[in-house]
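Here you go, one structure.
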Amino acid sequence: MMEFNQLDMRSLLEGYQKKQFTVTEVVQASLKAIDLKNPKLNALLEVNAEKALTRARALDADISKASEKKLFGVPIAIKDNILVKDWQCTAGSKILEGYRAPYTATTVQRLEAEGAVIIGKANCDEFAMGSSNETSHYGSCRNPWDLERVPGGSSGGSAAAVAAGMCPASLGTDTGGSIRQPASLCGLVGLKPSYGRVSRYGVVSYASSLDQVGPFSRTVWDCARLLEVLSGADKKDATTSHLEVPPYAARLQESSLSQVTLGVAPQWLQGVDADVKEAFDRSIEQMKKEGAKIVEIDLPRTRYSLSVYYLIAPSEASSNLARYDGVHYGFRAKEFKDSEQLYNRSRGQGFGKEVKLRIMLGTYALSAGYYDAFYLKANQVRRLIQQDFEAAFQKCDAVLVPTSPSTAFKLGEKTDDPLKMYLSDIFTLPVNLAGLPGVSVPCGLDKKNLPIGLQLIGRPFEELKLLQIAQAHEKIQGVLRLP
Amino acid sequence: MLTRDEVLKIAKLARLELSEDEVAFYQNRLGRVLDYMTELKAVETSKDAFVRHVPLDAEPFREDISESFGGRDALLKNAPALEEEGFLLPAILESE
Amino acid sequence: MSTLRDTYEAVIGLEVHAQLMTKSKMFCSCPNEFGAKINTNVCPVCTGQPGSLPTVNRNAIELGVRAAIALNCQIRDESIFARKNYFYPDLPKGYQISQYEKPFCEHGKLTVKLKSGEEKQIGITRIHFEEDAGKNVHAAFGTVVNLNRAGVPLIEIVSEPDMRTSHEAGQYLRALHSILRYGDICDGNMEQGNFRCDANISVRKRGETKFGTKVELKNINSFRFVEKAIDHEIDRQIDLVEKGETIKQQTRTWNSGKNITELMREKESAHDYRYFPDPDLSPLRITKSWQDKVRGAMPEMPEQVRQRFQKDYNLSDYDAGVLTASKELALYYQETVKICSNPKASANWVANELLGRLNAEGKEVYDSPVSAMQLGDLIGRIDQGEISGKIAKTVFEEMFATRKNPADIIKAKGLVQISDTGAIETVIDKVIAANPAQYADYKAGKVKLFAFFVGQVMKETRGQANPGIVNDLVKKKLDS
């Protein structure tokens, strides 16, 4: 048997077309890798071998049409805050324990329509609130590069599953860095699309004005292919753009680095780990050598991103999470004397520590007397951050910054101090606040042999340009191996 | 810094029952985070500037066509308690 | 003589929730219909499932714009859907999508007619869109939640506190109801809760400019007791003030069984709804050209129909007013005229006989036992001489009681008018023969006795003889 789980998605697609192997064989290999590694990693919270194999056999019956489907026979893990009908959807929370999705998210429908095989539901921080996967009610997920360390978060399980070779691709969600940061910590390509590029229908809302769904993969081509399937207007999501979706994968080679100007903001790089800084500088040098023009830019107001994000996201979350009340679905406290107590206890017991912190933070920021000073003010500063990027994009086609100031940290290392944890998203938060596309690509390993990520940030809806630059970078650096 | 009463008031608004330990914990954490956020006070902003996060070409409307969902049972199956196909909870006092 | 009550005046403002006549709900495609089995008109969106998102019903917005135009409001180019956050079992998302700081229209007005003959203009503060909640059914063992109604589109129409009497409030409510019905905006069914009214009421000494503490009177769900409920509340407040007590800010509800208002709840510290713009929806843009399109396709409003009735049917201002008081009535009248082609007679029959009987039985036009087609048919039969007007009233009574067609009643009861001159002459001869003394007197010059003979003939024919023919023939016989 071939080592299917060492193959990236594109190689799988080519293999099917050449009839080198069947979907059933690939899915079996996937399930085997899960059996072997998931007990240690805790990357997937639900796996359904029977469903996956049934689907695989159905695809095999049609394998002559493999080339007609963009994701034919690709095993994909779905973050457990995205609904897939009849699968569990816990969003990493006790309050949704046992909840069975009554419908399927638009993104998952699109993956399945192109021939993907759903292999499992991936662990994540509770309601996507976290940067290390440690807030999951179902236990921490671990980093395949070092089991003592976190995979990043909140889409830690989605990243770990791909890095561990359980599947060549997965879906995550990114509200403040939840795809890009774990992609960086696990050595993968992870993309957060422009706000409105991809449907949010069927994605458990955390912060509606910031949430986006995006892919994890091992290569830029795989990322591009996944993005073209996921993207596009959805009648069920009134915040999706009607802009045409280009065939990202087919057009990756169209542009060379000599045609692009890249922006670097020096003040962003203070406080970045030495290894990370070194890898970042090396990438810049390499791209410069290939003809890219590098300019300095200034993003002065992005330094308020943390405050702005931690007011806006919790405010929206406090409202989005009001539906978990123990009345219509989900966890209900065992003992209560009246309906008031049913609400208070179901929510008090059903939500974890960090989620309750953010609900209270948001409730406070929206409450009478504080709205103007907190919620409204944060939204006004958010506009300034957006303006900083608008100004920067007058001078460059993409902004370059490390995805995370450090590589994967140890479990428990940052759980005591919320601000310390929040700082690990300092380079990703502003991108969500400004609604921009951002992609994290591997740019080497640090001295501890842990992956380092480079983040490329583009103009709204210029995912193609971003991916073209990422592709050129990958060509220089080579595809990172699996751990 | 937030007072204990403020924490209790927020918890009540958010319908969260907190233990004594939690009240102290959140008083401290919320206080720390909110203190950090006071940095925004110093930023000069204009009153009308509010981010429009929704793309301008998003379609804001749905046509008025009625369609049944068809998955009613899947919705009801998730209910913690049902009575005659209605969601059941202890009697509530009539108030908004 | 002035009473104690005359030294006070009431200040009344009304908030009306009107359900919009759309096919689907406000933010999802579930059917907007009444009476379905519990929790059947539900989907992920209106049950607040994780991951579900709202999408705005275009038609709901158009109906709202119609209301705004009919009520002379200023429409905002851009308004905001906001979330009103509160926990309640009939509110599955834990928030209601509504409009707060920026409603889609403001500053309207509605002119109402008062019984004094005067007109009064009532200001409309604002109209905004929102979604309805589900229904909590209270049972002995707990509360059962039905979400069929959750997400049904509503407009809330908030008036200025411009009304001073229960009569003004009642007339405002009726005029508003009529406009929404004429515009096909809301079906106006109060029993089903599709048109609901809350009143804010306070009292103050006449001449005082400050408002008193207001009490919210909830769920006034029938025109029959609007005035009564408001009057009762006004009296209650005046009594309290006179006793030197303070009026507490409360929410009360009308108990139509006991004819009193009852306390629902004391206003605790004001709710903190934490309104904020719904991030799942873009600002609601209602362009000028869209407004024009809606304006161009507006159904006729009551005032226009009234003018048309006066012009086309040659009706008096008064009759036209009566017949256009509700859309159902105007349609009923129009249909009646279409059948019998006699606008004047139709007006009399509809305004007097029909409304009289309906009012006596407490029925509405839509549940009239006599249809417009049947009434038109009846009037046609009078005009064609088949029955007399007097007989027609008997037939109408029977129609109202049995829902039968006039032809069947006339046939079954043998009420067809006798126009056969030969038959009538036979009866006249018989009458003259039976009353020789009166005949002699008539011949001697007592011409007044003519009426006696006509009466006798009508009696003999049980009123079925054609009165015109009887008149002619009696005259001929007596004078021959």
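Note that the chains are named A, B and C in the order they appear, and that numbering of residues resets to 1 at the start of each chain.
Note that contacts are C-beta pairs under 8 Å (C-beta built on N, C-alpha and C of every residue); 3 or more make two chains touch, one makes a residue touch a chain.
Worth saying up front: this structure is predicted, and the values here are computed from it rather than measured.
*Asks:* With chain centres defined as mean CA positions, report which chain is farthest from chain B.
*Replies:* Checked the centroid distances; the maximum from chain B is C.
*Asks:* Which of the two pairs, B-C or A-B, is linked by more C-beta contacts?
*Replies:* A-B
*Asks:* Return the chain label for which the distance between chain Cα mean and whole-protein Cα mean is smallest.
*Replies:* Central chain is B.
*Asks:* So, what's the distance in Å between the C-alpha centres of chain C and chain A?
*Replies:* Inter-chain centre distance comes to 57 Å.
*Asks:* Just curious, how far off is chain C from chain B if you go by their C-alpha centres, in Å?
*Replies:* Distance between chain centres, rounded to whole Å: 40 Å.
*Asks:* Compute the distance, rounded to whole Å, between the mean C-alpha positions of chain A and chain B.
*Replies:* Centres of chain A and chain B (C-alpha means) sit 23 Å apart.
*Asks:* Using the touch definition from the top, which residues of chain B touch two or more other chains?
*Replies:* 13, 15, 53-54, 58, 60, 62, 71, 75, 87, 89-92
*Asks:* Multi-chain contacts in chain C: which residues touch at least two other chains?
*Replies:* 44, 47, 49, 55-56, 87, 89, 143, 145, 147, 272, 274, 279, 281-282
*Asks:* Multi-chain contacts in chain A: which residues touch at least two other chains?
*Replies:* Only 99, 102-103, 209, 235, 238-239, 318, 322, 325, 327-329, 339, 343, 363, 367 qualify.
*Asks:* For a test of understanding, state which residues of chain B touch chain C in their complex under the given definition.
*Replies:* 13, 15, 52-54, 58, 60-69, 71-72, 75-76, 83-92, 94-96
*Asks:* With touch defined as at the start, can you tell me which chain A residues reach chain B in the complex?
*Replies:* 85-86, 99-100, 102-103, 194-196, 209-210, 233, 235, 238-243, 301, 304, 306-308, 310-311, 318, 322, 325-332, 336-339, 341-345, 347-349, 351, 353, 356-357, 359-361, 363-364, 367, 373-374, 376-384, 386, 418-419, 433, 435, 460-461
*Asks:* What does chain A use to touch chain C in their complex?
*Replies:* Checking each residue of chain A against chain C gives 81-83, 89, 91, 96, 99, 102-103, 105, 200-205, 207-209, 235-239, 315-316, 318-319, 321-323, 325, 327-329, 339, 343, 363, 366-368, 371, 375.
*Asks:* How about chain B: which of its residues touch chain A in the complex?
*Replies:* Going through chain B, the ones touching chain A are 2, 6-7, 10-11, 13-18, 22, 25-26, 29-30, 32-34, 36-37, 39-41, 43, 45-47, 49-51, 53-55, 57-60, 62, 71, 74-75, 77-81, 87, 89-92.
*Asks:* Enumerate the contact residues on chain C facing chain B in the complex.
*Replies:* 22-24, 29-32, 37-44, 47, 49, 55-61, 86-89, 136-139, 141-147, 264-265, 271-272, 274, 279, 281-285
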